[in-house]
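Following this line, the structures themselves.
Both complexes below contain subunit A, partnered by subunit B and then by subunit C.
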Partner chain A sequence: MGTLGFYFDQTICTGCRACQVACKDKNNLEIGVLFRNVRTFEVGVFPQTKAYHYSGTCNHCANPACVPVCPVGAMFVAEDGTVQHDDELCIGCLSCIQACPYSVPQYIESLGIVQKCDSCKQLRDNGWNPACVDACPMRALEFGDLDELRAKHGDDVVSELPILPSAGMTEPSLLISCKACAELPDFREKQV
Partner chain B sequence: MSDFLKQAAGKMVDRRDFLNAAAVGAVGLAFTSHMGNGLALADMVSAEQTEAEDTNSSVDIAVSDKGEWIPAACWFNCGSQCANYALVVDGEVVRQKTDDTHEDSPDYPQQRGCIRGRSQRKNVFGADRLKYPMKRKHWEPGGGDKSLRGRDEWVRISWDEAFDILSSEIKRVVEKYGNRSILSFGGPCNAINSYGGAVSHYGSTSYGSWQVTPFLMGYMPYSYPVFDRPGYIQWAASYTSRDTINDRLDLRNCETIIMISLNTAWNSAGTNNYHWAQAKKTGAKFIAVDPYYNDLAQAMDADWLPVRPGTDMALLLGVAYTLITEDDPENNPLIDWDFLDRCTLGFDADHMPEGVNPEENFKDYVLGTYDGIPKTPEWASEICGLEPERIRYLAQEMRVDKKVAIVCGWASARTQNSDNLPQMIATIGAMTGHMGKSGHMTGPSHSYFTANGGLSLVNPGSAGLPTISNPVDDAIHLGEVWNAILTHKYNFCGKSLYLPREERDIDIEMIYFYKYMNKLQTAEDMNSGIEAVRQVEFVVTQDYTLSTSAMFSDLVLPTTTEWETIGGFPRNSFPNREVVIAYRNVVPPLFEAKTDQEIDIELCKRLGVDVDSVYPFGPKQQFFNELKSCTVIQDNGVDYGPLITITEEDIESWGVEGTPQEGKISLEEFLKTGYYQVKRSPGDNYGYIAFEAFRNDPEAHPLPSSASGKIEIYSTGLAERINAAGWSEIKPLPTYVPPKNGYECTFENWETKEKGAYPYQIINPHYLRRAHSGFDNVLQLREAFPNPVYLNASDAREKGIEDGDTVLIENMNGKTLRRAVVTERLMPGIVSLPHGSWVDPDPETGIDRGGADNILTSALLQGQGVEAFNSNIVTFEKYAGEPLLPDVERPQRIAVVEGDDE
Partner chain C sequence: MTQFRNACPRHCYGSCAMFSNVKGERLIRVIGDSKHGYTQGSLCAKGYSLIQYTLDDYRLRYPLKQLRRGSGEWRRISWDQAYDIISLKIIELNKTFGSNKAIGYYKGTGNIGLLHHAVEGMFAGLGSCTNLTGNICADTGIHVLEKTMGSFPHPDPEDMHKANLIVIWGGNPTSTNINLMRIIYKARKDKSVPLVVIDPVFTNTAKRADYYFQIEPHSDEWLALGIAKRLVEVKHIDEGFIKEHTCGYAEFARELDRLLIDEVLSHTGLSTEAFDCLCKLFLEHNAIACLTGFGMQRYRGAGKAVNAISALIALTGSYYTAGGGLYFYNKAYTDPAEFMIEYCKPHSTDGEGRFVNINTFPQEALGLQDPPLKMLWVSCANPLSQGFDLAAWYDLFSQLELVVCVDLYLTKTARQADIVLPAASFFEEEDLIVSFWHNWLTLNEKTLPSFYESKSDLQIARELSSYINRIKPGFSAFPSEMNALDWICKFFIPQMEDEYGFNSIDDLRKQSFKKIKEPLPDTWRYCFDSSLLSDLHSEISLSVCDYPYYLLTPQSLLKFHSQYETLTWLNPMQKKMPTAEISSHIASNQEIRNGDTIEVCSARGSMLSEACVNAKLPNNVVYVEQSDRFCVNNLFGGSFPSAESCPFFDCKVRIRKVSPYEQPEGFSC
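And now, the complex of A and B:
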């Protein structure tokens, strides 16, 4: 099996946040904690305005910044290559939060530990897709072997955008079919 | 157990230990206690705790194979119908999911739902659930101090006392003032209807002028009893979206899709948007006409044509001018002259109805032949704000020799003086020939029939209960209902509506707000509404949360959500065209909640109404009847037959009356998923081309919705009907009439362009956080969609406003606060405030801190009585008072009840 990761089709995303809420529901996340987070951006000036959304979560990086900084080994690379977190070991030191350039790990105040997207490993092990993938009304999310996803969605998929850190930092297992406007540098993040 | 719960309530235990030990959350406890020992143990779990409780609990359970996935209702009238399931493990709902009942493909798509449906468990088990009947502390028979409504304290009472109060007040009001003094907002009011009836209401609600206009000027293909059957009109306008647009597979044949005030990405956020995406994938170009570069436009990468609210008529007249003056059948064919000639009435002097001055034809109005005002793109541009060359571009894109869909939402018709706008849209479609053929269509395409026109292929059934008619014939338009209460006068237009109007005296002394009829929140001019509600002698609401109507009531009756009923089909929704979705019971009633029917039955008893005549059989037989009478299209694509196979054994095991029948799916199989979808593929028998028969032979297939049987660009029938009933006179043909509270009204002096006191237009788009006012208390939805006010960036800059600043928006009707989003996606001069946010009046300042749209909307009716939510004017400034927190950090509206913690 090759590297596993998420594919996001930005060209069709309506920004509805079904993925974000499905994730929240499946993981029973408290308010303020998001394992998957949809953000909205605009570029250009009226009336030449363009807009796009980015649905982001853990990129299960090939070179994850969060793993080596964890002093207790709670953040680790699982046998399938995804980055997993052992809640029992976590001491809540926030090292991973500081290290991740994507701001993925989340501090769960009520538990005193960090948690993050585990790519719904238990669901996947039982033959299901991650909750976010099966939630998308636009079918803009997929999870699987990156080589297969790349073959399916074309060579123009990217792993970085102006809104994201350079892919060279952590080698994210992430493929994006991006909107042309998402490649423009002068973006502004906006609430919806 | 009791000590343990107290500990849990006090958050004394580690969360994971608590959950591991309990194996159920607060939610599970809520109903087990209700079912069990009588003392509502869950009550000890504070509201705050209930919310926090749901977090990080049973992830392991949620992904295990334990429990049962139950088809769970999503019952709001958002404009979608999606599959929704709740995983119930040991009596607790641990997770939700949407459709995975079959493989997913564009032709045969799963019916995936949106964040609202996925948040139903937070809604059903919310900290804000009403637990007991309650009354206003200072209520007395006749009202007591009525000004305390909305500010008084709540006292827990027994159901017995609640029914005593309700029945005695009904009897007292009827005896003293008569049944014409009870105003009833929706619901199963069979008890009251059997007890002499009540005043009802109607209005254009979300439909705007699409509610009436297309049914009079011939832009609907079938015959509809709009003006004959009381109540039908409230549903009929949805059929404008069903019947004027081709089916979703044909949408893929379009080369160009022009969307006018259409954002189904917010209002119908389920799978129907996926159908637009298929058209995009097959190469369709999208153009979006809207004041806001909305998220459907964004996702379709549409070419944006920003146009001011309430000015679509001017825009389309400019388009019509371009079509007429630039059409060249040889070198630049824009107009379908053959279609205009055969299928329409009133386009030019040669096609006018008998007995009408031929100079009043549409073409000469556009050219300005007789009024001296050519409706050029330059003329239109000054009004609508779109550059003249972009108006010409839009006209060229609509050209007759391309396959074009001209699809709209109802939003642009929720404006003043928009009576002829649906007629204008039909006229543009007729001029360009985009109707009645594959790849060509014109009309509304949103809500339940988004991107997928045609009669439903599968239909839910009926419970088979008798219809209890309402003996009172008074029906008040929502746009003047508060005024009617305050002034004791209103305009009666016939119970079936739009008959010649008569002014009637009225003395409303009791208001009954049923569940889902939160009209104090959703009707225009809320401040007058609050004043009106504080004037009458008795106000009662039944709901499951403290809706705005409940907040201002004397008596509040806690009802169940649909998850707590025996099962059924969503009553507030239309069926999805290809799918019928049923729900089953998920949990027993929470706390002391009763179903609406249980409340109605008890009220019947108290009022001496024979229950058997109203409810001759119980909920189980009703549900069975609904299932049994579901119908589905047959293979020939024409006939319908029973959907569900029912056997003698089914009837016996249910303990109901009925006869066996043969359908397409067994009862057991259907109830397992609550789901049946007609499988579609290109070229099947289930396609739909709107107006096809009419286009092919208008003489043999005349349109029943106009007197002439044609599409009436000049419609005497439209003008006569509306002018007889109407609040202002309209013309028989599309003309531009500047709307009350429209763009022109933002100026003190139109000629010099000197701005007035309210220099901005405001719109109230349907917002994905809510279905109208539903769901607004759900925190994870507040987190996902924070409900700002959207301001144009240059407008905001002039006022020194930045993202996150608190903004005071005000006009002649009221003041409200919101946090700003400063955006280039909104036209200058426009303010966008999402629809349905719950009002939160500040007792100190009187300012609404909730961002309620209807604090600012005017109850001002014109023409057919359009509720003009999208033509209002305001001013705004950076708020100098205490800044607003984000909604997710603001307290939920939760009833504090005396006696709650006993």
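And now, the complex of A and C:
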């Protein structure tokens, strides 16, 4: 099996946040903590404005920034290639939070440790999809072998957007079918 | 994109080696150096925020002059104007008093780079001025251990995992020394070495310990001696070690005999079961690694605690074991400040200068006569926020004719200065960083061009010295022709090359170097100090009824004392008020809930804060973060014995709930 990762079809995403809420529910997250975060952006000048959404979570990078920085080895690359976190080892030093260019790891105040998306490993091991994937009413999210996903969704999928850090930094395992307007440089984030 | 080698110069256990990636004169990424034996490629959260730090909006850009001190009426001036004002004042004071003794400096540990000792060098170059002595962090322990352990052998922290018991006494490495946790976890994983944490506060480290002992603040010496007594009683001591490598044991054991375990229990607040459990741990292990944190050295007489712990470790014979011993403070080779002073001072001085201790600086400086102190240069320090006796500091400032502050930010201290000079960040200067904890040394390369008009301490020392010499030839002996690389190549490298095993600056550009450590010599002796037990009872009387709670202000994870506070990557919360954590005991007694405004009062001052109930705190403890914005230090003060670090944790406070209708006039921050 090749590299595992998320596929996000931006062209059909309606920005409904169902994935975000399903993730929060699955992981029982505190107020203010999001493992999957949907953001909405706007480009252009009235009347030629366009909007797009981006649903982001841990990209389970091939060259993750969070893994080497962890002083105690709590963040590690699992056998299936996803980036996993060992809560038992974590000392809550927040180094990974600062190191991740996607701001993925989240500090869980009540536990005094960091946690992040584990791509619903437990669900997957039992033959299910990650919670966010199954929650999407538009079926805009998929998780699986990146080569297969690429073959399925065509060669025009990308791994970076102007709103994201350069893919060269951490080689994210991420495929996006992006809207044309999402490739424009002058974006503004909109609070929804 | 170009990559440079850097080293973090904070006065921290890590002294992390890092690489910085620069694109178009902008720092775009910092990563740890995986070849560094201690840090192994990880940086802390503060380290990763350095990208924001180099371009922080709050950083000072130009030299500034304040029209009236504390008025906030700042005027931008040129460097030459600043040098002119300072030089003329120095010369005028020299003329008035016939020496440079009216001129002093206060150099902190905001940057521990060797070349920042150029501040000391610059003043040494003037001849007899008012110099600084002492160690702001470690004086309490250093002075005591010099008596008992001589030039005390600091074990290599990378070997700590070889011990068979790890004790963290009054320290919190998950916040202040994250790489040590890797070593502690390695010990646990490889050999199931238990981690014991002794601390009044249930810290993040305590949460991860196998055994946690919550003791009353200020009772460390009682606990250490109590365990020592138990070891002696059941004759479970390393007699071979005691016979060959110690002196004064017989008397020490006799004195210990007089100690009552009941007293130990009442002082420490431990139950008999807990105390027995801790003693058992010490009885069952013989290679004990004990870290005495700086937290347990912040009260009057804390030297006794360090002393007692060192004796306890001696009884177990751990000093010669692999990984065992007392982990405290790794004294660098020769003191670089002394070296700089020695090199820079003029050959024909007009009498000796005088010395003021860094810990008691404001009180001592106020007492100076003939001549009184008239000019102060502050660098790498923020004493008006972090000092112990702020009232004395303000008194001192009011007698000064000129205050110069070199800093990256407009700190509390800079706001009370006449001239503020913008300091370079460590990415904008060359330097050499030697750790006070592990055995590594790292070169810091100049990575970025100067931020606006900021300059390094060395650059300022060179320019100011030659400026004075232009006005009055021969006034300063500081070698202003020598640049950073000259200092490193000509002086520091020859001094250190044998110890660290490198030959040139090119070697340093390639990697960090580790000191070649010699094993503890066979001739080394531990001297038991039995006087320790005779004055155990002399406690400082604190008015218990008026101020019933201890105020503890330990180091927090996302700040470094008052440094890094403005970085939104680390401290994004725009707080209106500081947070004070109180025990649930205090909360229920005074009907305080989370978010209530409370007044924390000591005999010295008060501050308003937002209450946060922490059920894990001992009943008699209030916990507040250090800060520059919400300075807690105006609650501290009082006198303390010389040769000790400031007793910040000696502060006792009371708590008052402030009703929402009350005008917050006590809010002095």
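Note that the second predicted complex is superposed on the first by the 192 of 192 C-alpha atoms of A that agree within 3 Å, B and C clash if a C-alpha of one lies under 4 Å from a C-alpha of the other, contacts with A are read in each partner's own complex, and residues count from 1 in each chain.
We take it that contacts are C-beta pairs under 8 Å (C-beta built on N, C-alpha and C of every residue); 3 or more make two chains touch, one makes a residue touch a chain.
Note that the structure is a prediction, hence the values are computed from the model and not measured.
Peer 1: Overlaying the two complexes on subunit A, which is it for subunit B and subunit C: clash or fit?
Peer 2: By the criteria stated at the top, subunit C and subunit B fit after superposition, with no clash.
Peer 1: Now for A:E42: first (subunit B), second (subunit C), both, or neither, which partner does it touch?
Peer 2: The answer is first: A:E42 touches subunit B but not subunit C.
Peer 1: Answer with first, second, both or neither: which of subunit B and subunit C does A:I97 touch in the superposed model?
Peer 2: second
Peer 1: So, does A:L89 touch the first partner subunit B, the second partner subunit C, both, or neither?
Peer 2: It touches subunit C, and subunit B stays clear.
Peer 1: Which partner, once the models are overlaid, touches more of subunit A's residues, subunit C or subunit B?
Peer 2: Looking at subunit A, the partner in contact with more of its residues is B.
Peer 1: Would you sort A:G73 into first (subunit B), second (subunit C), both or neither based on which partner it touches?
Peer 2: So A:G73 only meets subunit C here.
Peer 1: Which partner does A:M169 reach: the first (subunit B), the second (subunit C), both, or neither?
Peer 2: second
Peer 1: Using the superposed model, give me the angle at subunit A's CA centre between the CA centres of subunit B and subunit C, as a multiple of 10 °.
Peer 2: So the C-alpha centres give an angle of 120 degrees.
Peer 1: Tell me which partner A:M138 touches in the superposition: subunit B (first), subunit C (second), both or neither.
Peer 2: A:M138 contacts subunit B only, not subunit C.
Peer 1: Once chain A of both complexes is superposed, is A:Q191 in touch with subunit B (first), subunit C (second), both, or neither?
Peer 2: first
Peer 1: Shortest C-alpha to C-alpha distance from subunit B to subunit C once the two structures are superposed, in angstrom?
Peer 2: 5
Peer 1: Mind sorting out which residues of subunit A both subunit B and subunit C touch, each in its own complex?
Peer 2: Dual-contact residues (subunit A): none.
Peer 1: Under the touch definition given earlier, write down the residues of subunit C that touch subunit A in their complex.
Peer 2: 29, 31-32, 34, 39-45, 47-49, 174-175, 178-179, 181-182, 185, 204-205, 207-208, 557-558, 569-570
Peer 1: List the residues on subunit B that touch subunit A in their complex, please.
Peer 2: Residue list for subunit B touching subunit A: 15-16, 51-52, 54-60, 62-63, 65, 94-98, 100, 104, 112-115, 118-119, 121, 265, 269-271, 273-274, 277, 280, 293, 295-296, 298-299, 301, 304, 306, 768, 779-781, 783-786, 788, 792-794, 803, 821, 823-828, 888.
Peer 1: Mind pulling up the subunit A residues that touch subunit B in the complex?
Peer 2: 11-18, 20-22, 24-34, 38, 42, 44-47, 49-53, 108, 110-111, 115, 120, 122-123, 126, 131, 134-139, 179, 190-192
Peer 1: How about subunit A: which of its residues touch subunit C in the complex?
Peer 2: 68-73, 89, 91-95, 97-99, 112, 169
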